[in-house]
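Common to both upcoming complexes is chain A, partnered first by chain B, then by chain C.
On to the complex of A and B.
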């Protein structure tokens, strides 16, 4: 009888549990699952401005794979993602290690170092775009310090535009990695550092043999999250360079947006989006397989 | 039981309240017709204030019509209109430039029957023919012109005097223009850095392409063939015009650093800050110049674009179209007619200096010989504009990329144009 009551309670609890998660599932269906499948559906069609469409099979995919701009966008996306992720991790880790030390004003400095994260992406992009202007703060400061002797066109030179955007995005994005690693550093037992000091370990040895192993798991999580976010970044690039100059910073997210909403080619844009999804899925699977060991 | 009956009464009251509110809302909606009006000039001043005042007056005259204003950014109009059309929530009235008519046409009302009802040719004759032509696609008129956007050369007369150039004699030919820009590119404060340039060249986006177009036509070249099926901008005359324009930056250095990514607001600011001596802008820019730098009053002039083989000026009509999804097309038509009538056109020009589309509105002194804006009227016979094709967005982007690549010297002008022609021909043959 006791087990019957328990079973009844368990079923009732299950219903209650489903009741609570149902709104989330419903929202996910509306804003994620349905649009994803609708996008796949559109990718096989030629869609007009009034959204009438006809089935064209794999034509959109064939065109995308033949389009040099799509390949350029893929290349730019990889360059941006890998560079931005590496810098986020390096800068984030460096600042986290620094802020993990004990010193006066540490709490205030932690808040200040978090401030780029609070600023919206549009505001950050506008600030950096202004700073990179030939007559902006960057050039005026560097000319004043004697580092350069003329106005540098940061955003209108093909080989400088991408690094310029990456630097801007590193400033915006490092706090996310910093906060994850800082939390992870708090969990490293102090007694291990004390033992290492007694054994005569150097700072680098302490970092290599104590700190790194403890934060490795969170480091990999931060890296995965950074890769996912950076791969699909849109706003900052739209504001700072809008894919220019001459497509030097044109990434997939911008290219899909342009095909959909500027060129009114919804079906073609949907096909590129599906290709982007497949690549990012592949990356995610590869990453989890390699680093799950 | 008493408790149950009390609960039932409370629920009944709540239900009645909901039904009556909903019913009242429906009744109000049934009485009033709401027109949503999408217009990129609503968010700009002083245009926005003029239009809002006109809208208020219209609503006073038509108490059954409620206007809902929807200001959007200039470069977002086509995107917003087409996506809202696709979603079935298009605005009733939208302000469109001529190059946006073709891509939007599937969602617009054919205005021919409406124009016929107003008297056909008699109605159309009130407007400059070019205005109605600009806003047509495939022989169908889709919008009534509100104003023209015409670009001419603005120049700083003080800088001219300082460079020993006569302010009353602005450059008339390409060679003169090049000579002037070189003389006007100087290191004013003698610190070893050039801080004043002869010309503000817009390298980025469609704004740059708009300002390059008259130079192309002045050399008897054009973007596309007559039948709009292939690119012709890379033919010899087109290449010559392109090279001349690009070399202002790459060879002669008479434009500021950052030119490849300089957009219209940047170059306008450079002119207002007196960093550049000349730039190409529209009639409406006069008010913005004085707002940004009141000291420029009386210190700048307006002249035609320098000529190579023939006169040309960039200009196209901007007008109001009605969405095919509008629930109230008759009311929308009344509002469009109202906005573009002579009285409102005259006031619109007086307060904003956008060139009016109605002939009768040209009787104002500023547009007559000797008037400040007469030059804009003089060039109407020579106006050139972008081709009206559905694929204009893609073609424009391809040309802008070629322009940027040539300015950055990542491609020679020849290669940039040939590569662009190859892509444009592929787009047009789809």
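On to the complex of A and C.
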């Protein structure tokens, strides 16, 4: 009788399932897929401020690929994404390892270490922009410590602005990685560590031969998620540098925003957006192929 | 014996050192933010700024409400955040239930599709959304922003709840069916109460996202009456001489609602977020 009920569950399955997921899928289709195709449609047109448009074929794409600013945006985006991801992973892993030990107040510390995550990008950006101000904390502290001898205009210096933003973003973004890695660290079986200690393994050996293999999968997932997020980052860059100085930190998302809402070139912006999406898609596919698991 | 004692002390020292580094790294921006928020304009720009303000100006915290429409920004953000999280949770839990309990054609595609939407750069969507919202007369309105945010949060919510619902043992549902409960009834009486941690996590996360979101709010609102808190605070910095003390004070105040939410429901958040991640 029990199995009859289970069979009944299974046969009616397909149709009821669709009822449950239909609203969500419908919403997502209308509101993700449709705009994406609309964006592609717009990228082939020249669109005016009043939304009137005419078809111009590949002109937007040709212009984008010839525009040195677009190439610079691509380069900046790559540099930013890879550096920020590397730092996030490093810091996140370090702090996760630290929090993985058992000590009193560990839960409180975990909450404290998560705090940059709940602050908004705008607020975080504003703090760091203020700290990087020529009269701000950074200069004062570094001069006080004797590291530098003069006031540096961090955000106005082309080769300093990008590292500055990356540091700021590391402070803001590491909790995301930290929490994923902490969860995966907790899944490593304790017995293996105990056996290793019996065999006389050092801390480093324990890390290398037990910890690393077990967290490898989640580490790669965290890296992928970080890359995806960092590639499209907008707000922090907008608040801290707004692409400056002289486009040194102008990433793709910023550039697309600028072309749309400051230069009112909707079609051109749409084309750059399509290019950006294709590149990120390619990156994702490349990543999964290389680390296929 | 002496060897291991020295080793123990060394371990403790490195531990304390690590602890201090962690705390310092996280806190110094917050501390500076607090310090700045209590200073007067002239003191901010003084040649040698200090951590402790000379004359703490608590009045800054009153001024920000009087000099800027911060109250309006808070109201807007609150309305949008709450409505969004309710809509998102309803849709997402329905979908997550469907995905977790049934095996049907296109299930795998559906899940991957949902994951893919997370890869979309916002930049790809701002132009079409902008045009669509203007044409539908939803630009610069609450519903416009709510619809956009709901879609933004939906994929991640489905993912969290899917991971969480999968861990709810199916035996409970089977006994409910034996007792004559309909599918929708199961959903209401069994899944919802048991899935509360996951649902709480989703609500918190939706509120957090809507409260802190910037780019869509920036692009889809025009009048200051409709600004949300992030856009409002960013507008503080659009002036010629940025009033950093007010900006920092407003920043601190904007964190408080989130902090309260977070502190109260922190254990639900971690539990709900990592339930699907760890393969038991």
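Just so we're on the same page, the second predicted complex is superposed on the first by the 279 of 293 C-alpha atoms of A that agree within 3 Å, B and C clash if a C-alpha of one lies under 4 Å from a C-alpha of the other, contacts with A are read in each partner's own complex, and residues count from 1 in each chain.
Everything below uses one rule, namely that a contact is a pair of C-beta atoms (placed from the backbone, for glycine too) under 8 Å apart; a residue touches a chain by one contact, two chains touch by 3 or more.
Remember, it's a predicted structure, so these values are computed and weren't measured experimentally.
Trainee: Kindly classify A:58 by the partners it touches after superposition: chain B alone (first), chain C alone (second), both, or neither?
Mentor: neither
Trainee: Of the partners chain B and chain C, which touch A:134 in the superposed model: first, second, both, neither?
Mentor: In the superposition, A:134 touches chain B alone.
Trainee: Looking at A:155 after the superposition, I want to know if it touches chain B, chain C, both of them or none. Which is it: first, second, both, neither?
Mentor: Only chain B is touched by A:155; chain C is not.
Trainee: Look at A:261 in the shared chain and tell me whether it touches chain B only, chain C only, both, or neither; answer first, second, both or neither.
Mentor: In the superposition, A:261 contacts both chain B and chain C.
Trainee: Would you check which partner chain A:247 touches, where first means chain B only, second means chain C only, and both and neither mean what they say?
Mentor: first
Trainee: Specify the partner with more touching residues on chain A, choosing between chain B and chain C.
Mentor: Larger number of chain A residues touched: C.
Trainee: Could you say whether A:270 touches chain B, chain C, both of them, or neither, answering first, second, both or neither?
Mentor: A:270: touches chain C, not chain B.
Trainee: With the two structures laid over each other on chain A, which partner does A:48 touch: chain B (first), chain C (second), both, or neither?
Mentor: first
Trainee: After superposition on the shared chain, which partner residues are touched by A:25: those of chain B (first), chain C (second), both, or neither?
Mentor: Second partner only.
Trainee: Based on the A-chain superposition described above, do chain B and chain C contact any of the same residues on chain A, and if so which?
Mentor: Dual-contact residues (chain A): 51, 133, 135, 261, 266.
Trainee: Which residues of chain C touch chain A in the complex?
Mentor: Those residues of chain C that touch chain A are 15, 18-19, 22-23, 25-26, 29-30, 32-33, 36, 45, 47-49, 91-92, 94-95, 97-99, 101-105, 107, 110, 113-114, 117-132, 134-135, 147-148, 150-151, 154-155, 158, 174, 177-178, 183, 208, 211-212, 214-215, 219, 229-231, 233-234, 236-237, 242, 244, 247-248, 251, 254-255, 258-259, 262-263, 266, 270, 273-274, 277-279.
Trainee: Mind pulling up the chain B residues that touch chain A in the complex?
Mentor: Residue positions touching the partner: 78-79, 82-83, 85-86, 103-104, 106-107, 192-193, 203-205, 256-262, 266, 275, 390-391, 393-394, 397, 401-402, 404-405, 407-408, 410.
Trainee: With touch defined as at the start, can you tell me which chain A residues reach chain B in the complex?
Mentor: The touching residues are 48-51, 133-135, 143, 149-153, 155-158, 241-242, 244-247, 258, 261-266.
Trainee: Can you list the residues on chain A that touch chain C in the complex?
Mentor: 5-6, 9, 13-14, 16-21, 23-25, 27-28, 31-32, 34-36, 38-39, 42, 51, 95, 98, 101, 103, 109, 111-113, 115-116, 118-124, 126-131, 133, 135-137, 140, 171, 179-180, 183-184, 186-187, 218, 228, 231-232, 234-235, 238-239, 252-253, 256-257, 260-261, 266, 269-270, 273-274, 276-277, 280-281, 284
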